[in-house]
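Both complexes shown next keep subunit A, but they swap its partner, so subunit B is in the first and subunit C is in the second.
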Partner chain A sequence: MSTAVDERLQSALGGLAERAYVDAAGEPVAVVPPANLREAVKVLKASPDTYCDYLSFASAQDMIPRVPRFDGIYQLYSIKHHHWFRLRVPVSDGEALPSLADIHKGADWHERETYDLFGIPYDGHPDLRRILLTDNWHGHPLRKEYDHQFEPVWAPGTNVLQNVAEEGMAGHEAAGEDPAKTIVLNLGPQHPATHGVMRLAVELDGENIVGCVPHIGYLHTGIEKLSEHHNWTQNITHYARMDYLSPMNNELAYCLAVEKLLGVEVPKRAQYIRVLMSELTRIISHLVWLGTHAMDIGALTVFLYCFAEREKILEMYEAIGGQRMMTSYIRIGGVQDDMPESFPGMVEAWEKTFDSQLSIYHGLLTKNPIWRQRTMGIGVMDRDTSLSYGLSGPLARAVGIDWDLRRDNPYSSFEEFEFDIPVEQTGDVYARYLVRMEELRQSRRIVLQALKKIAETEPGTYVAEDYKLAPVPRDGINASIEELIHHFKYWTDGIWVPSGEAYGFIEASKGELGYFVVSDGTAHPQRVKIRGPSFSNLSAFPEMIKGHLIADVIATIGSIDIVLGEVDR
Partner chain B sequence: MSVIEVVWMVAKILIVFVVLLLAMAYLTLVERRFVAWFQWRIGPNRVGPLGLIQPIADGVKLLFKQELIPAKADKFVYFLAPAISLIAAFAIISVIPITEHFYIADVNVAILLVLAISSLGTYGIIFAGWSSGSKYPLVSGLRACAQMISYELALGFAVIGVVLMAGTFSLREIVLGQEHIWYFIPQILGFIVFLIAGVAEANRAPFDMPECENELVAGYHTEYSAMKFAMFYLGEYVAVINVGMLATVLFLGGWHGPAIFGAGLIGLSNLFWFILKTCAVIFFFIWIRATLPRFRYDQLMRFGWMVLLPLALLNIIITAGIRAFIQ
Partner chain C sequence: MVRERLTKPDSPTAAELLSNPDDGSILLTSINKVIGWFQSNSIWPLTFGLACCAIEMMSLTASRFDLSRFGSEIFRASPRQADLMIVSGRLSWKMAPIARELYEQMPYPKWVIAMGACASCGGVFSTYAIVHGADHILPVDIYVPGCPPRPEALLDAIIKLQKKIKTGTYVAQGLKDGRR
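Let's look at the complex of A and B:
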């Protein structure tokens, strides 16, 4: 496939690209000069061969000491052909990149993030402000020379708290004649319905929303920067903390990316265990979504039912990996440990009651007239806007985009599983609800298939038999000097990953979760860019709630299913 | 009026007040326990046997909490609001006949009084919203204002059916009129409208717009703390009890027991039936709170004006028509 795609890329881009190559995963990359970037993206979007209608993310990489210093990185995808393209745009320090915000609306936030973390300005960007860090921040953390210990993080004399009060609409107030007609209400950072620390500055005319500016970054923990300082294995521990409601999915996407760089073959048993755990993860993530979403709309009981159900799966987590939330269970080359013998019994005991649980949720909500009134026709997106913002996962499927990475770009042996992908057409909160409710059922189907498949594989083959990747078993250390050396090297240096770049992606519970990793051949990543689905999904929020009421803000946030840990990283 | 009568009157007021206060305190516990059972939880059971001392612990805690008053609050109105809320809620009990002979006052326009006082209670919420000097309470106050107007109307019209049946405004005589048939049977439409509007009147889920935790943080009492917060809380629960008692008196036959049990012991069994019916209505309130999602503000208004009000009017027309026909 890769060569065919490569040719298509070449023919579509023609003279726009300086050169093109194929990355470690066989995906085509083109190097494009800044002047040609907009043209190249437009051509890729329009050309029937490539048809890249979806911008996965826009980011950058600090290539110091190379001149020009930075590479702007654009990951494109075609919903129609299911292939990836990456563009690299070399740009020197201080030089601006052209903004893509008018071609792909989703680029807006991604460019702001890149500007924030790298200091690369964008020409023609509608609203170039910092996004993850506060406006008063000094420096750009993802630059290699950035070191907060030598620079004050805050400019001298800054009133940190003042920022929150004054940012407000950030210059986005409706240009009405009468400024006294509207008030600006800050929903958040501490608000019962923002699911974490997010702030929505909402401009209100009565209870009608005139404008909305989301402020994020309150939970920014610099995971991408930290990733450059820890070794490849240690990094896994960060990612469970990112989307803390679906920890194993985060780990899986990262491990897939690193495995692409390493070119390692993961044993079948490990792949099936990954499928099993990733579907269980989808279920717990959706259960928390359903619970909190229902609670936001006032159905408190559903919340507690969902958490009771989630508890059963967290116990399985505990049985298989020893941890309930911050699992670090999925490792490079496989998983941390084999599935315990009691595990299938636990899953079976749970799945027997799961269907009746689902029907309880359906009974409380699906046909409930209040629920339908609250969700139908609210937060509607149409197909084109949705694609333009880079919405993925259940949000995309709710507007009729029949796209699921598990089926279209299968990873971890998903092609061997049978499952249906629910698609709804209306694109409102209710459609998203229906899609996720059906996904819960489908995930249960996959879990059962995975259990069967695991039973057919040989026990003990849970990680690649390569002691450069996985720790040596205890008895091996005593047996041979070579394995002792492996043991020593593994625990001191970690894994050395050959230089190259790869994009690991999965269909996480919230959408397309991707890790773009670059290695310079050492034990630490050179760059890890995390494409969190919540980030892109949230960026479309102001569009969704145009003309709605305060109560709809709450319903819509719930339907996006954001986890701020992932939005802010 | 003799001295004994005066003493007896004061005693009655005290008894009713204290019992109502205790009932309110334990209603919080009962609600928490019931909601917990609905939700597969246990609920508060740590303080005292079965958690029975929990309301007292809560009360003591609220009493000793620090008072925080927002700097931009309109102090006088800010202090006035919880008092209005509480007094209005307690005042209603004065005209409710608990048994045939045990009541504080038998007023010949009792229903009008009840409706008037419960409207006053709304001022507590509106004042709280306006005077807090904060945005969430403000929005909440506006919501409360609109909600009360629309639901009070439906509530009032639902009651008129009963008044037509009984031919009196006195609550005691209304109950006496229900000796043979409780009004919720001929007045089923009115009863349903009354219950729904009653839930809205008491600001409870799914009509808890003014509070609406997930949207407005805590609504009108966001900026209240300690005992002033407790007063709103008290007022709200007393309002729930009031609606329960009113439903009992107006539609469920008040102190009359079901005919199959006969007259029974006159005094105590009357009290028993009254309390049982009130509790049943309150349980219904708790039940729907645990089951239903919340309305949206404009849908709530539409529901009030487009569904409840026409239904209540229809009920009046039917009742009046039948009355005219019979006579």
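Let's look at the complex of A and C:
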């Protein structure tokens, strides 16, 4: 299939590309000069063969000492054909890349992020400011010469809070007819309903929203930079803490990407355990979403119910991975340990009551007139705008985009499972609620199928049997000197990954979660780009709440289901 | 008598008299302890969620762990009504001035718990973006290890803090600093 796609790419791009190749996973990559970039993206979007209507992410890679120094990277996807394309655009230091913000609106934030972290300017960008770091930050962290442990120093007398206040509506021209009539309200970063440390500057005319500028980066952790300094296995630890509501999803997406580079075959048992755990993860993530979303709108009881239910799954997490949240259970080549014998019993005991729990939530909310009034017709997006912003997951499915990576680009043996994908058409907060509620039910279905399939596999085959990838069993270390050497190499160097690039993606609880990893053949990644679904989903927020009332802001934030750890990384 | 003392520049102020439990004032020392006992059983934390630990902090208030058994379930969204700041998660340099501002907006007496490895020392994130320990910018009373700590661990920290408050020295310290 990949060669066919490759030919399609070649024929669509024609002379626009310098050269094309396929990456470790067989996905086509084209190298395009900066002057042809806009034309290439337009052609790929319009051509019926390629039809790349979705920009997954735009980022860059520092290729020093190569000249030109940087590569702009664009990951494109076709919702219609379900295939990926990647464009690499070589650009030298100081040279600008053309902005794609008018072709794909979602590129706006991605380009700002690249500008912030790499210092690559974009020509024609509507509002090129730093997005994750403060305006007065020195340097660009993802450049190779930047010390990852550098502690920022501000000039004496710099009033950092003053900058925060002035930033306000930066990048937004007063939209109200009479500027004297409108006020700017600051929401966050300390606000109970922003689901973390997000800040919104909202321009109000009375109670009506005229404009809104989200400010993010208050939880920027530098995970992408840190990834380049830790080895391939150690990195799993950081990613679980990125989207902390669905830790195992993050681990899975990263491991899939690295496994593509390694070309390793994961045993069936491990694949099914991964499916089982990623669906349980989806359930706990959706439970937190439901509880907090309902609490924001005023239904506190739902929060208590959801958290009580979540505890049951956290117990399973503890049984299988040893920790309540950050298990680092999914490893490269499989999982960390076999499923305990008592585990299926725990899952079965839980799933028996889960359906009745779901009907309690439905009973509390679905037909509740207050809930319906607060959510129906609020935060509406249409199909084209959603695609343009790169919305994915439940948000995309709520506007009638029938797209789920589990079905369309199956990974980890998802093609063997039976499940339905809920799609709603209205695109409002209520539609998103219905989609997620149905996903909870479907996830339970998948969990039950996974348990059956695991029972059919041979116990103990939970990781690829290759001592270059997985630790040597304890009794093996004493048995032979060769295994002792493997043990030593594994725990000191870690895994050595052949050079290449790959994109690992999954349908996480919030949408398309992707890890673009590049290896230069050593024990550390050369570059890890994390495509967090919340980042793109949040970028459409000003569009969603345009024309609504201030109270609807809270309902809409809840419906996006953002996790700031993933937005800011 | 008291008025005279307060107006004299070189005489100790009322706050200073109250502040030193060792000055022989048995009555005031006892009052401090009584106030401390009241305070310890009604600590109102600030709704200040940063990262992963905030989810465990939320679990602590939910039904299984039920923080309200210890009088601390009333999380206040406004720092003006809170007296405990739980730094729950990694604190970035961009967030640091805001956290400090929030702390300064809290009325005295106030306490800080650094929840988890990141708030205690930066945790696994030794990067340019993260403050390596909330104690760089805030006076931390209790450090809770874990990544994230279990809700029981945070509960233990709150009980330890209650013991600390019951000694009554905090009331005195606040008056000494001239803060209310």
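Observations on the model:
Here is the rule we use: the second predicted complex is superposed on the first by the 553 of 569 C-alpha atoms of A that agree within 3 Å, B and C clash if a C-alpha of one lies under 4 Å from a C-alpha of the other, contacts with A are read in each partner's own complex, and residues count from 1 in each chain.
One rule holds for everything that comes next: contacts are C-beta pairs under 8 Å (C-beta built on N, C-alpha and C of every residue); 3 or more make two chains touch, one makes a residue touch a chain.
A quick note: this is a predicted structure, and the numbers were derived from the prediction, not measured.
Of the two partner chains placed by superposition, only subunit B is touched by A:Gln373; subunit C is not. A simple residue count on subunit A separates subunit B from subunit C, and the partner touching more is C. Of the two partner chains placed around the shared chain by superposition, subunit B and subunit C are both touched by A:His191. Touch criterion met: A:Ala308 reaches subunit B and subunit C at once.
Applying the stated contact rule after C-alpha superposition, one finds that A:Ala58 touches neither subunit B nor subunit C. Shared-chain residue A:Ala450: touches no atom of subunit B or subunit C. Annotation: subunit A residues 191-192, 304, 308 touch subunit B in one complex and subunit C in the other. Within the complex formed with subunit B, the subunit A residues making contact are 183, 185, 191-193, 204, 206-207, 294-301, 304-305, 308, 364-365, 368, 370-371, 373-374, 549-554. Against subunit A, the residues of subunit B that register as touching in their complex are 35, 38-41, 135-136, 139, 142-143, 205-206, 208, 212-217, 290-299.
By the touch criterion given at the top, residues 133-134, 141, 146-152, 160-161, 164, 189-192, 196-197, 217-223, 225-226, 237-238, 241, 244-245, 288, 292, 303-304, 307-308, 310-311, 324-326, 564-565, 568 of subunit A touch subunit C in their complex.
Partner subunit A is touched in their complex by these residues of subunit C: 47-52, 54-56, 58-59, 62-64, 75, 77, 79, 89-90, 92-98, 101-102, 124-130, 132, 147-148, 150.
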